[in-house]
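Each of the next two complexes has subunit A plus one other chain: subunit B in the first, subunit C in the second.
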Partner chain A sequence: MAYEDKKRRGNESEYPSKRSKSEMDPSQNPYLAHMYEEDTGSAGRPGKGGNTGSILNTFRRHQTTTEQANKAEDGPLNPFNGNPLSNQYFKILKTRRNLPVHQQRDEFLEMFHSSQILVFVGETGSGKTTQIPQFVLFDDLPHLNGRKQVACTQPRRVAAMSVAKRVADEMDVQLGQEVGYNIRFEDKTGPNTILKYMTDDRYSCIILDEAHERTLATDILMGLLKDVAIRRPDLKIIIMSATLDAQKFQRYFNDAPLLAVPGRTHPVEIFYTPEAERDYVEAALRTVLQIHATEPEGDILLFLTGEEEIEDACRKISLEADELLRETDCGPLKVYPLYGTLPPAMQQKIFEPAPPPRRPGGAPGRKVVVSTNIAETSLTIDGIVYVVDPGFSKQKVYNPRIRIESLLVSPISKASAQQRAGRAGRTRPGKCFRLYTEAAFKKELIEQTYPEILKSNLSNTVLELKKLGIDDLVHFDFMDPPAPETMMRALEELNFLACLDDDGNLTALGKIASEFPLDPALAVMLITSPEFFCSNEILSITALLSVPQIFVRPPQARKRADEMKQLFAHPDGDHLTMLNVYHAFKSPEAQENPSDWCYNHFLSLRSLQSADNVRSQLAKIMERNELELVSTPFEDKNYYTNIRRALVSGFFMQVAKKAANGKQYVTVKDNQDVLLHPSTVLGQESDWLIYNEFVLTSKNYIRTVTQIKAEWLLEIAPVYYDLNTFQKGDVKTALQRTAEKMKRKEQLAGKTSRMGNGY
Partner chain B sequence: MSTRKRPPPNPLDPDSDSDTSSPPTSKKRPFQQKPPQTTTSSIPPPPPPPQAAAANDDDDEDDYMNMTIAEPSAPETFSQRKKRLQLEAETRARPKSKAELAALEKSNREAALAKSLLDTQTPNKGLLMMRKMGFTPGTALGAPTTTTTTTTAARLEPIPVTLKEDRTGIGHASAQRAKLASAASSSSITAAAAQLSPEDYRARVASEQEERRREAQMVAAQKLAEQFSCERSGGAVGERTVPLRSIPVLWRGLVKRREEAEREKRMRYDLLQSLDTPRLPGCARDCELDEVDKAALGITVPGLRRLGVGAGAVVEEDGGEEGEEVDEELEREEARAVGERVVGLCEYLRREYRYCFWCKCRYEDEAMEGCPGVEEDLHG
Partner chain C sequence: MGLAGPRNRTKIGADPRNTNWSNNTDRFGHRILTTLGWQPGSTLGDTLSLYHQSGHITAASAAGVKIALKDDNLGIGCNKRQREDECVGLDGLQSLLGRLNGKGNDELEKEAETRDKLRRDVIVGGRYGMKFVRGETYVSSDIDTLLKKIKLEGEKEAEVKVEVEVKEEEEEVKEKKKKKSKKEDKVKKETKIKKEESESEAEIAAIPTTPSDESTSVSIKKEKKEKTKREKSSSKSESATPVPEVDSDSKSKKRKRSDEDSTEKNKDKKDRVSKKSKNGETHEQRKERRAREKKEKEARKAEKKDKKKKKSKSSSSDSDSSEDESTPAASGTANPSGYSALVGRQAVRHRFIAAKRSAVMDAKALNEIFMIKA
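Our next item is the complex of A and B:
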């Protein structure tokens, strides 16, 4: 299995020793001798199965020039696989050579030769993601050096897939051969792969793309690479970033050299409001309509925060624009929403051209895209000339004190505001309307968006680092160190899950848990599920929890959608309801025409299919770790009880108890008042619940819940439910009562068994 | 009443112990227990009726009054405690309203968010592990600072969770705060309020209340005086026939203020009218219309002229006889203390109309027999 291979390699060669041993000169280490061979060797040796006739064999590794590379690229044979190059290839080659980044290929190679770590700055559209890895291929010649590969990390799976496809086309090779990708739950690479695009949760790579996005994995990767670079002088690292905050990267990598390629952008004029806005949504709508009524041709991009707000704004803009069209000689206006959960077909609509004028020679039509911050970096829409920026976005936040993880509407950063403004200048000079004052921009916005590492639960990251042999997490060289309390919670959580012992060492369970690309709680639940005779079912539930929402609830058909959901409802809660859905989805009846079946039942086919895919990937990992897939017979009265008990084995730290009166619940240990999320399915009054998420919207909510029994908590997680560690209160009293009841029962059972023995 | 319901003394209860050990207080107990509501609520006992007050001033009632005041410091008796506990239990058991629950949830959340995990008494296993890695509470994570790679100060606390509950734009909240702060500092209320002791506060509130009461009395007296004078001259109240200056200074201020308020109201009405009136196409300003157009469009408000002090009078008054010149007499009058002015008005009413403001009646004879005097206090 690909994961395993890579991991092994990762453990044995790339991270050969724990940090404590790093003082030793790595080149003296006999186990690492193979890494230093190339330094003494002159020309690249023909590798196994290499294309011996290729022009590349005459290249000297890390001494090539642009001229040489151009010659190799000109063909007529593909330098990597010896096949004749197609017409399509030459057509693409022509456009590639026009990209800004190509002008500086010489400069790039020079720096690449002279430095181990290089920071590269190129704005979106400079061609860095597709071109730089190819420049590296022609110079690094990984296929001629036996076991090597060039890897390029991407923050998003979709990007890794689409970029790999594009580069495979550019190089005239098949995707999955010389060029491939490897993302969570999917590996499309082969033995010939020399360039691999990957999501950055796998740590064996040299080109770090979109580093400015500062995802959790990017940050960890940078910390690791910085350390690895010391021990592997042959390893080259390129950090690619789209913003000029690159100095921070430079400093972090011990003042690595920096190369900047200009993007192709036009000037953008920025306007501020004279006074702070009372209602930013209303102000945004007003501004959009004003632009439409008064500004020359060009499309509008409006940034709002979430699905509901965006749909609402779209409706209002359409209505007002129709009014304008009737009353004045304005052109027609087309409004498109854009957010992550929008189906892909709907997302594609934003690329449709603006509507034509109503009559020939009339005022030109215009399109408005109302988007979340996806349109800030990930997506480029041509034709945008006006940007309206109210200055908010939904941002993830994690707080270890009450263990809350939520998306909250928050002010954006200055960097983000600049990025938004830049979107107006993609095709021609544009205008950006900021719905706040210049003073507020200067005073109230933070410089940079917080990197994800400061806004996430780190239990998964800590487990990953532990697995890689990083013992001292306190002094790990984070670019932005997380808050101590966040680390503390992560360690504590892993300890309660028995993944780490009291000294912070990885346990056997922890080692297996780290094999799964899952949150530790889910991984532990999955690993222990065979003990509850329901690993098949827990596997399905885990897969369902790892994909986007499977229930669809369109605003125009809420009632019908809810009725459909009721068909699958299980009185014990949401986890079992989801399981019911999955089982129904796998039935022959549904599989006959899954797309129709899903549509009729208000379910997301995409989510269910990817759950299916995730399930089979996880099953393979379970198999490798010799975890059995078993089920309790469905007729057995304990079928669902076993599943609920298995859920407790992973989620015993996410439990809520019903409050004395009313509908409220109280979270165990953190003592937060919470309400059941309106989407919850729960057939009966239940005193104790496990929950998958604790979210904050206008109120505290727990989402995806299943009812359990207090006895199970004491029985399955006795360490966490050590009553001496509980604060005085309702929860403690209830648990104490349960404990006494259990004791009495035990005594009674003991007595009867003794009696039985006596007779 | 509550004494009857009292359960037999409980030997374990400290309150019932004190029952037997302190005979002097036991005599007063029935009184102490009688009005439990006086201990819990802050409503003062109703003042005795004025006639009875003088007679009862001496013995019993005085005692009664003293006792209610002294009560909070007396030890809580058994039945009081029982009542209090019952009340508290009732408060707890009462289902809370949604707003109360939301507020509770919020304050609970904010309290928890404000409390660092590093401060907990129970040893946290995560913290113990970090200690073993060389962590000292109060410091940040990350590479030792000697490497100088971390330039900005590393985080000591998690990023705060702030819930945006409205749709105000960026900078709106701070702009509002700034506005409030400048308003507060200009009147310097906040600074004074911050240093005020409870006694000062109570004294101030009392004096303000007294002031308001006096002012209300003064206005009432002014209105009476005006009414009497109108009755005498045969005019209707509110329709002035004489120049403002000829009105006695004692209530001239009242008339002046009323007319100012009326004028303001009228002006606002005119403004609204002019905004609402349809305009001729291409004609941007009312001043370009002549009288006929205005009449046709209904811009001029017909009611205006009918009033004695109509649109014309407004102009006249603004630029003419009374508005511009300072009415020194009135100013002097208004600068006097309210109390003095009330006395002045009372004297005037007595003198002119044989009316006592405190007795609220007119006397037939000059001597005003039966009225205790000019002062309010004399009227009990």
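Our next item is the complex of A and C:
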């Protein structure tokens, strides 16, 4: 049970992996199919997936032309499954052929044939995401080549799902058959799948879409692909980007050829304020209303930073617009919020058309979408003519020294501002109102948004790379290398978690931890939880920590919400409170009418439901790794103690000790002064706390805390709590005292089973 | 709230940057990275690759991204005191000051028009009071042309790599010419400064040498921009309102300029490539080449001087001296800001003029001069 123990065991093969790769026949592995080319035959030979009568069988792989493809697309039978094509298909086909990418299909194929890596630049709306993969299908003919697949990576889950659905429609096939998707907690593909859209956390792909977003996974994937491309000359790679950063991609991929497709944007007039604004939110609201009052027909898109700000703005705009409607003959105004955590049904609402005029012939109605930077690239809303851009967005930032990863409001980049402006020209010439001066645009904004790899905690990424056999993390060909301090922190965290041994090699524990789509600390906590006889409970807590906030606290009913939260409160802290909520949610009483129950208790049904979903997915992974799901009997007095001890096994690096005076705490080892977040339910004063989050605002807060005992730290994580590594100070003295106390106790009790369960 | 405003007491922790951690080199992470060949101070990644040296990697790769915490709603470019410092009503005085500075009537009229246009350009909303100034027009075809250009350059570059030496040498010469011509431009500018001090271009040029108020420089820039725009419009048509055509026209000009910039950059890269291949040359070849280059250089210099003389008829002595000063810089490394070349009396005078000008342009300073209470 001791930490040291586990670390030692980690090196042996204590955890046999069920999915041992050597058991699999390599010729069945689609990613190794190129090595068995002779067996599966060359192009033109009917393969397993293809129907024998298809026109595609006459195609020669990587030698097709646009003409051939057009003929195949014209039907009358579906070239991929042999079914007759529907009327709907032909209707879509007509619009597809009008897309800008279609004009350059020849050019694309030519480049695709001649080069292994291709950088493709198309503005949002050029049709690249839906069309290019289909162009590739008709040329690459993956189904005739030994069950290979074309994969297209997407940075966002919503996009992967909706694009796959669209392409399935366009190809007149069922989603999940020839075309499917695979995202973090959902796999909708089948044996016939030849085109797969996926979020980019899987690593065997061809088309990288929205590469300009530069997510962590995209960056790692590019580094790997660059390497793989050398070893697998038959693998084709297309990098698709929507911005001018293309040159960087090109150069990175050893000057790969570049194909550009024009978007369909109309000119957008840009306006600046003559002087800086004192309150960008207020200025934004006034601008929106002014546009509504004075400008001709056309919808408005306003960019703000976060959920709270957006909801607030929506409310204010609606109120003002109602007043405007009463006083003048303005058209009606509809306001829609848009942000990541918004329920999908609400997200769909932004596509509703603008309201009609109040009376026939009256001033036209207008729709306003108030959005985070989701609407900047990933989502396209037609009908937007006016964009209001205050120039801010919430951006992630990570400080490896004090280990804070937080979302902070900060100025956007020039590239981002241009992207936002472009949103106004989708349907007709538009206008973009920037709420800053032209000089500020030139002087204060950086050129390009920083890629995520420079702004994130990398412990998960390093674990992933280690699993993939990348040992030289120093010379790995990053497109933008992360800061050395960030890399060091990641390595150290993994080492303390016993995922890496002292030589930096992946341990057996690390291997299992990498199977979980979780932060390594959470994964390790989950893996060790059976030793504390509470893996069921820890599994629930992990799921609850992986979803958006479950407590709802609407501004108009804060007091009531707090009272409701107190119903679930556990004096030992927030983790246990959340567990209480989950158990109550699963009770038959609540399950009778979950949405009412959640509404009455100020809980988010959506978060709880997704926690439920995440929990079952994680349970599957645990089962696969032979991790038992056990519980201490609820009557046992150690029920909660065991859970808290298990929490320590994952969170021992996120501990705060109460300072000598008053309410302040100080984080262990990093020595940062912090306060308890006001939302905590902690019932009593406590000297030692573990925390889930370090929140950076004008004050530093720790959020989601649970009280623990110092003895547990020394016992469960002796390597991290090696007193020799501590700075002189309050924390060290307290720990020393605890250590002495433990020693005395041990001597008293003799060498009995100190390590036994049930503390 | 007292006179000094609300008191905000902030306590800074003992080690807010956790230097205790960052200075400790015995850590596991530090050890692993050094054993893998990392040296403190260098970035990670394939540092020897061409890509790495092509300037696409930002400083954030070495030191991480730093973001200042924002806990207010101030817009971009706004600091709290800005509004309070503002004063209005100096427009009328501008022409008087201009005349004192020896500007001609034409110029003054032009300036007044510029100000009028600026005022007209500001769209004033009635009820909600938001004002806006028209900026550039964003056209998607800009992207297309730029991308096509990138593509062409890429192809050219590939060719250059295949074909050898001779071409590269040519390229080099071209490059140098370009540098030279750039320098020439600068020289011209400088002479202009001395010749007609009222030129707005000179105003901009003068600013970097003096520690003047930032906001003034901004306003000057804007004014200058407006001016060029306005000039255009007057030459094209007499219409008072800004026509979109005009706008796009000036835009295209700008685009061209930026394109030129990018080609230049590219050339720089080529230059680097050629330098690399030079290492492979034999000694004699090198000598020969150098001699040739020297000759060429001299020829060009002479040519340039001729041109110069033709251009600057009256103030030839002035321009000559400045040219002499700027040539040493040209033969050295390419220095984009050639103002360091100004030395001695010239520089002092230059700075004096700039300081005077910045004082005149600063509304606050003017208020003090004329003892106006805003």
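To be clear about the criterion, the second predicted complex is superposed on the first by the 648 of 759 C-alpha atoms of A that agree within 3 Å, B and C clash if a C-alpha of one lies under 4 Å from a C-alpha of the other, contacts with A are read in each partner's own complex, and residues count from 1 in each chain.
FYI, a contact is a pair of C-beta atoms (placed from the backbone, for glycine too) under 8 Å apart; a residue touches a chain by one contact, two chains touch by 3 or more.
Since this is a predicted model, take the numbers as computed values, not measurements.
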When subunit B and subunit C are modelled together on subunit A, clash or fit: clash
Partner chain(s) touched by A:Asp299 [first = subunit B, second = subunit C, both, neither]: neither
Subunit B versus subunit C as contact partner of A:Thr437, first or second or both or neither: both
Partner chain(s) touched by A:Gly662 [first = subunit B, second = subunit C, both, neither]: first
Which superposed partner A:Val397 touches (first subunit B, second subunit C, both, neither): both
Chain touching more of subunit A, residue-wise (subunit B, subunit C): C
Touching partner for A:Asp574 - first (subunit B), second (subunit C), both, neither: neither
Partner chain in contact with A:Glu376 - subunit B first, subunit C second, else both or neither: neither
Which superposed partner A:Phe271 touches (first subunit B, second subunit C, both, neither): second
First (subunit B), second (subunit C), both or neither touched by A:Met487: both
Colliding stretch - subunit B into subunit C, listed as 59-67, 77-85 or 149-157: 149-157
Those residues of subunit A which subunit B touches in one complex and subunit C touches in the other: 248, 251-252, 254, 273, 275-283, 390-392, 397-402, 408-411, 435-437, 439-441, 443-445, 450, 454-455, 472-478, 480-492, 495, 502, 504, 670-673, 696, 698
Contact footprint of subunit B on subunit A as seen in their complex: 248, 251-252, 254, 273, 275-283, 390-392, 397-402, 404, 406, 408-411, 435-437, 439-441, 443-445, 450, 454-455, 471-493, 495-496, 500, 502-504, 661-662, 664, 670-674, 696, 698-700, 725
Subunit A-facing residues of subunit C, complex: 11, 13-22, 27-30, 32-33, 35-38, 40, 42-47, 49-51, 54, 56-58, 60-71, 73-79, 82-83, 86, 122-123, 125-141, 143-144, 146-148, 150-151, 154, 157-158, 218, 221-222, 244, 247-248
Subunit A residues touching subunit C - in the complex, by the definition given at the top: 121, 123, 244, 246-248, 250-252, 254-255, 257-260, 262-283, 286-287, 289-290, 293-294, 390-392, 395, 397-402, 408-411, 418, 421-422, 425, 432-441, 443-445, 450, 454-455, 472-478, 480-492, 495, 502, 504, 666, 669-673, 696-698, 727
Subunit B residues within the subunit A interface of the complex: 93, 95-96, 101-102, 104-105, 108-109, 112-113, 115-118, 122, 124-130, 132-135, 137, 139-144, 147, 149-152, 154-159, 161-165, 167-172, 174-175
